[in-house]
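Look at the two complexes coming up: chain A is in both, with chain B in one and chain C in the other.
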Partner chain A sequence: MVKYLSQVRPEKQRELVLLLLILLVVIFFAMMIPNYLNARLFNRVSTSVAIMAVLAIGQTLVVLTRNIDLSVGSIVGFTAYFVGQQLSHNNEIEPMVAVLMAIGVGALMGGFNGILVAYCRVPAIIVTLGTMALFRTLLVEYSDAQTVLTVNLPQWLLDFPRLNVLSHGRLHLRFVVVIMLAVVVLFQLFLRFSSFGRKLYAIGSNPEAANNAGFPTQRIVLISFLLCGALAGLTGFLFLARFGNITVVAGIGFELKSVAAVVVGGVNIFGGSGSILGATLGAILIDLLENSLIRWLQISEFWRDALLGLLILTSVATDSIFMKRIRLYWAKRHAASTS
Partner chain B sequence: MDSGSAVLDVQNLSKRFDMTQALEDVSVDLKAGEIHALVGENGAGKSTLIKILTGIQQADQGEVLLQGKPVKISNAQEAQSYGIAAIFQEPMVFPDLDVAENIFISHRDRGFFVRWKKIYQDAETILEDLGIQLDVRSPASGLTLAAQQAVEIAKAISLNVKVLIMDEPTASLSSHEVSQLFSVARRLRDEGVAVLFISHRLEEVFEIADRITVFRDGHKISTNPVSEVTRESLIQEMVGREVSKFYKSHEKTVQGRRIGSIKNLTKQPIFSEINFDLHEGEILGFAGLVGSRRTDVGLAIFGVTPADSGSIEIEGKTELIHSPQEAQKLGIAYMTEDRRKLGLAMPMSITENITLASLKKYLGLLGIVESSREEQTAGEFKERLDIKTPSLTHEVGKLSGGNQQKVMFSKWLNTQPKIFILDEPTRGIDVGAKAEVHQMIRELAKQGIAILCISSDLPEVLVLSDRILVMREGRQMGILEGASANQESVMALAMGQ
Partner chain C sequence: MHKKIISILTVTALLFGATVMAHTIAKKGMRADLVLMPKFLGILVFDQANNGAQEAHKELGNPGKLEFLGPTPENSVAGQIEILTTATTQGQDGIMISNNAGDQIAPAAKAARAKGMTVVTWDSPIPSADGEQLFIAQVDFNETGMVMADMALNIIGPGGGEFAVLSATPDAANQNAWNASMKEHLKDPKYSKIKLVDLVYGDDQSEKSYNQALALVDKYPNLKLIMAPTTVGIAAAAKAMQDEGLCDQVKVSGLGLPAEMVSYTLNGCAPEFALWSFVDLGYLSYYATYMMATGQIEGVAGETFKAGRMGYYTIEKDPTRDKGLRVKMGPFSVYNKDNVEAASK
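Our next item is the complex of A and B:
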């Protein structure tokens, strides 16, 4: 195993280790909880991951440029409520229009963050801490403390989370999961193969050099926030479809969970490295742990949060300590084998 | 491109920063297929010229002609499009991206999609042509400095560079790496590239250059073929400046008993084997060129970045100092070269800044700072050092450079040091204030403080110092007696002659 790992580049090892961890978590809980491994687990975790992974992908785009977006939770809440309310008032709205509406509202909010960060040069953590509160208040004002109720929503939306693309016995591949997979593949390819994607990495890696290389750094940062907002909007739509009842607290805490997924997924919080695939695996690991710990009665609710915190700390620690060693080791081995 | 024609012609360039004329009416021409060395003391204007040519800064006056046509280089991207590239002592790579990507990152014509296979192949071809062995798929962060420079050179080549500027490229390289770099530079020259080579190492300049241009105080002094200059004539031209009339002539201060002794101080790989004694009332000058690691020795003595080995003996106590707190306890003070970043709390008042390093003295009942006693001290220093300010509650950030420097002096004098390390004490202050600061340093020495004065301003070191320690690339080249030293003798040591 170790021998095989040492053949793989350190950057890819991170993703393999995550996969391994996910596998270990499944095996562990399968031994601890009777009747753990079943179709329901897959169906439940995959639908809930679909929501968090899309959000984490947006967060990844921003974190890669050495920024952070703490307002995504509020964006999710606002778009979920906004679209839900529109659909309650008018059940005739086309599904595609509803989705585009969510994405558009999210992009607007993300763009607002992006302008403040890129062009007004306010640190992202300050800007998005501010807009986190701002967007949330907007939601409270707009909603007038009312709730979007499932009964008022069109039938197609209520059916949407249970819409299957493939089924094998009781194992279902939900449509929402397919949406998530499409987003993952699209953005993974986008970051790897588009020149925009590579510039995103370059800016986070060495902002000064990116400037000297003549990149439009401000525009790129703005676009990353805009895309993050758009994906948060899409998350808002998925959230609405899954839960139906939307109150003013919708999406609270999502910003931290998305950052956690990104960091656990091996995206460097100081920008420049990491992948969409990693962030997705991070989201899967976190969601799987959460879902499993709820069913594992030995662990109290409070310890669940502590375990999650521990996971984040260890993953950051491994990033700064182990990855450096692994890279050195790899460089040495590689040098030895080529010379 | 035929060899011998001027690729880049700089005509009558001038550039001014606030107080200083960085470049004045400078003209230089670079020919295709030549390696043109640019030498000069610190602050001669070399860096400013490079920044203008690479579009980082704009000239106030003058023209740059590229192959006969005047061009306006208003940013880095434009410089690139004209075929002007620069590599620096500290390469500007993207640490997280791999080698091949770093080479091709600036290509604007590569389209929306990245063709990885082609990029890896092309990168391999370029590196192979240069005779450099590198794994094009490994991230740049793991590379040595020399390899990172190679990546930068490969990047320049991929952009069809016509003018390659190398700014102190050899400063952190081993001798083997230097010879590799030189063979690459020669290869580029033979292919018709104009190479502008900046170095403090004269032996390298003589080894590689076809022509040599000397800058001094923002002026061009000469441009000559390498065959027509000697080391002596070059050094003469570099330092041949008259000592400013504002400097007082050298007056020897009384030298007292030995209070400190530094033995074999070493911090690998930055500096090694530094040895000197410090006496009561002595001013020991630290001279050397940029990169000679003088400041690092100062920081090691003050414990900011402790040395690995060697000993620091002060008043009979021998120890290696591990932190600034330890250093202060032993009676060492250190005045930084970077007032803004490391020295003063700009938004705080003069009084608060003066007492900052010795707050313990002002703690009264329950550990509350007694501001009346603080004000008394500040008032004393205002008198003693003649700080010009409407009031002591004035924000330090609003004072002039000279007065800020006096506040910083006060702050450290208030710790009652036995040894006072001054790092560039007159940087960024005008000539009048400079003379005042010099007078102050002499006064302090008279009061029995041992002063270690690090300065890039050679005339300043010469007029102030009782003895001058000359460093070069982390090594101590010698200690000269202040009375008999002159610019040539210090420069010769600093350049390793």
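Our next item is the complex of A and C:
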């Protein structure tokens, strides 16, 4: 077993551990909560993960370059509201146009972050902390204290969250989940095999070296923020479809959750390592915990947030304590076997 | 005999005089710079309250300014305290607060009072009443509890069953008072068959309220009703039940806006809910604050004043808070499939 494990890349080990953890959590709650393992649990968690995972993938792209985007919650809120408002005024807008509108608005906001970070050399945490408040205020001003109401939205959008691709008994594979899976596969392949994807890792591991090697570092950082914004825009659309009534508080706290999913999913907060699959597993684990803890009587409302915080701390700590050693060991072994 | 008649006459005269004096009718055109502060910006009902206040502002011909200032949603508690403090430094004459900060806002309110500013709360009071002169209550908070209990009984039916409350934030004084009063009313044998099983918070966020509503359904398989005394919570809960096809099993009720609830009421997800007019609440709050800030009324128990088109109101001790004074607006409107369409227009 140990021998087999040592053949697996450290990042893959991390993903396996996450899978194991998810399994353990399910087993634990199945023992604690009567009637826990049923079709409804799958439907519930899968649809709610669909929203968070798409956002976490965007966050991953940025974190890989040794940056962070704290404005994603506000981008989700703004695009959800904006597209909702447009659809309320004009029910004839085609579904595809609505989706592209959401992605476009998000990309615009992400691009704004990217320009400030890449070309104005302002640290990402400062830029996105600022735009988090800025985009939210933009939403408050734009909304003029109105709410997007389900009654005014076109019927196709209201039916959208209930749309099933596959159904087996009471087990449903919802269309939103398929969208998420498509995004996961697309970006996993993109990071793995495209030259842009590999450059993201290179910049995150060592920005100066990447610069010296002649990588267009600034442009790549800009594009990573742009893509993150676009994915946050897509999340905004999914959010609108799911919740229908959109007020100015939409998406508050999503930045924390997306960072949590990314970090728990094994993406190094200092950039350079991690995978889309990992971030998705992180989102699943967090959502599963949240969904289950709400149902578990012994845990109070206020402790759940604390637990999320604890989870982030633990995963960052294990990452810097264990993963570093495992990576070193792995590198040494490989150096030995190739020489 | 003669003496007796005289003394009766004197007493009558005194009483008459007292009533006439206390029935203050607002003098128009006096100057007072006022601030209307909602819990946070971007919620429809607070905007409606602002419309009501603006209407009163024009009607009274106040040459001063009326500003609608509120914090952004994620910064509600700290933002409210900040706006109040800034208003004090700027020398505003009065502020109307829908308090979302619990007692944490009391020191800032006291400082405002010390500077001679008029501090009135509306929609949600300062629980301890420290620093607050008067609370404009939308309805009697005990009545809210009773309306909630009655709607629950009405929807669940005589057979009885379980229900849960989906509230807004744990710091919202109005929500807490309503929930407490509902629990009191539930002790009445009339409600013995309906059982409150849980109270959760959705923080007035759609997504959190939506998820909490679904979690309640998972947690209590026999749940018959979700009672959400918040306009955001009730709409989110109704959408959640509709999306999951649970409307036959679990109904939704509480305090909601007809425009937001009309489709759910017509399709049976939320057969009955209640609310009051937020436009009127803003209008009445403005009248009381204007008259206090311009010294036309003092804001003590027993005073009666005329609030324009809405008629006469009397300041009284607040039965739900030991130290507080209030003006009660009322009444409740209960909406169902017969009247919701007309009200949503």
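Everything that follows uses one rule, which is that the second predicted complex is superposed on the first by the 320 of 339 C-alpha atoms of A that agree within 3 Å, B and C clash if a C-alpha of one lies under 4 Å from a C-alpha of the other, contacts with A are read in each partner's own complex, and residues count from 1 in each chain.
Here, a contact is a pair of C-beta atoms (placed from the backbone, for glycine too) under 8 Å apart; a residue touches a chain by one contact, two chains touch by 3 or more.
Not measured: the values here are computed from a predicted model.
Visitor: In the superposed model built on chain A, check whether chain B and chain C fit or clash.
Guide: Verdict on chain A: chain B and chain C fit.
Visitor: Is A:L20 contacted by the first partner chain B, the second partner chain C, both or neither?
Guide: Neither partner.
Visitor: Looking only at chain A, is it chain B or chain C that touches more of its residues?
Guide: C
Visitor: Let me test your reading of the model: by the given contact rule, A:S273 touches which partner, first (chain B), second (chain C), both or neither?
Guide: So A:S273 only meets chain B here.
Visitor: Using the touch definition from the top, say if A:L310 reaches chain B (first), chain C (second), both or neither.
Guide: Neither partner.
Visitor: Where does A:L166 make contact in the superposed view: on chain B (first), on chain C (second), on both, or on neither?
Guide: Neither partner.
Visitor: When the two structures are overlaid on chain A, which partner does A:V97 contact: first (chain B), second (chain C), both, or neither?
Guide: In the superposition, A:V97 touches no partner, neither chain B nor chain C.
Visitor: Where does A:G214 make contact in the superposed view: on chain B (first), on chain C (second), on both, or on neither?
Guide: A:G214 sits against chain B, while chain C stays out of touch.
Visitor: Examine A:F193 and indicate which partner it touches, taking first as chain B and second as chain C; both and neither are also allowed.
Guide: A:F193: touches chain B, not chain C.
Visitor: Hey, in the superposed model, what angle do you get at chain A between chain B and chain C, Cα centres, nearest 10 degrees?
Guide: One gets 120 degrees for this angle.
Visitor: Of the partners chain B and chain C, which touch A:Y201 in the superposed model: first, second, both, neither?
Guide: first
Visitor: Give me, in Å and rounded to a whole number, the least C-alpha distance separating chain B from chain C in the superposition.
Guide: For chain B and chain C in the superposition, the minimum C-alpha gap reads 29 Å.
Visitor: Inside the complex, what are the residues of chain A that reach chain B?
Guide: Per the touch definition, chain A meets chain B at residues 9, 11, 192-198, 201-202, 204-206, 208-214, 268, 272-273, 327-328, 331, 334, 338.
Visitor: Which of the residues in chain C end up touching chain A in this complex?
Guide: 40-44, 46-47, 50, 72-74, 170, 200-201, 203-207, 210-212, 214-215, 218-219, 221, 232, 235-236, 239, 243-245, 259-260, 262-263, 344
Visitor: Quick one: which bits of chain A touch chain C in the complex? Just the residue numbers, please.
Guide: Answer in residue numbers: 35, 40-41, 43-44, 48, 133, 136-137, 139-140, 143-147, 149-151, 161-162, 239, 242-253, 290-291, 294-295, 297, 301.
Visitor: Of all residues in chain B, which touch chain A in the complex?
Guide: Contact set of chain B toward chain A: 56, 75-78, 80, 92-97, 101, 105-106, 110-114, 116, 133, 135, 137-139, 141-142.
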